[in-house]
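Before any comments, here is the structure.
Residue numbering begins at 1 within each chain, and the chains themselves are lettered A, B, C, D and E in the order written.
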């Protein structure tokens, strides 16, 4: 299962009927936004457990539910990893010794 | 589910019979082009929800439909993330200062 | 479904019996080589649609066929994206004026 | 199957009922944290085999169990690969050649 | 299917019973080590075809076998791609041409 952060609900008026009666949430999986079916009732900011693969179908309520990502639990406490620093930012160069040209 | 942008329809004259009666769309998943079965009737430029895994089959109409990616909804409003800047383009270098004074 | 390019047939003498009667093709998915079961009769150089996940089984002929990637269609016309340039080659700087006139 | 390292148990009070009676573990797959259902009884620090896809369901006990990642074995001895060095630190540049003639 | 290289057998004394009677092999998928169920009888150094997804179960012998990666064939001849060079070592710049004629 993935550990994701809930971003916000997603509105899709034109969608297939099988999909209609459940809330969809935009979730952040690492730095990628995905859409998950909400089976627990979460709110933006929650850290949640998302199940994928064929298990997402039954987790969303029935074997024929068309989900490949379903929120199945809210994590009580989660400390995300600190974001990785951008690729080797050249450390601030040492301040240039006395400013150019006698200034 | 993935959030993709519809690029254009895909024409494939020589394909397996099970596939034949549905529209195929080229979609952009991040920067990767994939092919999805269109179950909602979308047009190029639409931001859509694509379901993968085994759920893509039933979402396309039946348990035996050979899809692993099906468009199941059109997103009402979607603001894509700004593209990431290319790997640290060296910002315009500061105008060369006069060479360090006589150094 | 993935958009792949057919590279060449793959020969595997020692393989499981369930596999035996279909052609296997090496395909290029981006820059990664994979093996797909050929359900349409393609040749090296063709751009094809490959279906994965559980749908690859029925697409290959039966529910119990052990495929996770099956070629299900040949794309009529496909213009691959140009290969990405290596990380931001500093474009050739504009030729310094003087304008060609004086050359 | 994936080779993962067990990090710690995960507590999720609000989760779907189908999930409730098994231990969940945070595992490290490369540098990504995921959640797996524990079917063998492992402890933090163990190197384990995790099965995904639809096989994760039955491996967790039943066809309808909503898991897409299940710990199915503890590896007796595992020597992880050394971490990769950061991207190719530019080897010490060759000593600067004398500047092009008088420029 | 993936093209992998067999590294060595994997020993896991504490594993789920459903798993017990088949050999497990550590395989190299690109630069990532994974575990696959051996359905053909391969040895370290072999290049093999590995099937994933739900097809891995039946390929391993039965619909309920808990595998998500099964070795289904040994490739007769395989020439791996040469390893990629580290990220674009800046080729030695061409010797600076004499500045464009007198410009």
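Simple rule for what comes next: a contact is a pair of C-beta atoms (placed from the backbone, for glycine too) under 8 Å apart; a residue touches a chain by one contact, two chains touch by 3 or more.
What you see is a predicted model; the values in this text were computed from it and never measured.
Chemist: Going by the touch criterion stated earlier, list every chain that contacts subunit D and also contacts subunit E.
Modeler: Joint contacts: the list comes back empty.
Chemist: From the C-alpha centre of subunit C to that of subunit D, how far is it in Å?
Modeler: Whole-Å distance between the two chain centres: 29.
Chemist: Round to the nearest whole Å and give the separation of the Cα centres of subunit A and subunit B.
Modeler: Centre-to-centre distance between subunit A and subunit B: 18 Å.
Chemist: Where in subunit C do residues touch two or more of the other chains?
Modeler: Residues 52-54, 56, 87.
Chemist: Based on which chains are in contact, what kind of graph results: line, ring, star, complete or other?
Modeler: Ring.
Chemist: Considering touches as defined, can you lay out the ring of chains in sequence, from subunit A by way of subunit D?
Modeler: From subunit A, continuing first to subunit D, the chains appear as A, D, E, C, B.
Chemist: Under the stated contact criterion, what part of subunit A meets subunit D in this complex?
Modeler: 1-3, 30, 39-41, 49, 51-56, 58-59, 70, 72-77, 81, 87-88
Chemist: Which stretch or stretches of subunit C touch subunit E in the complex?
Modeler: 10-16, 18-19, 24, 26, 32-36, 52-54, 56-57, 64-69, 86-87, 96, 98
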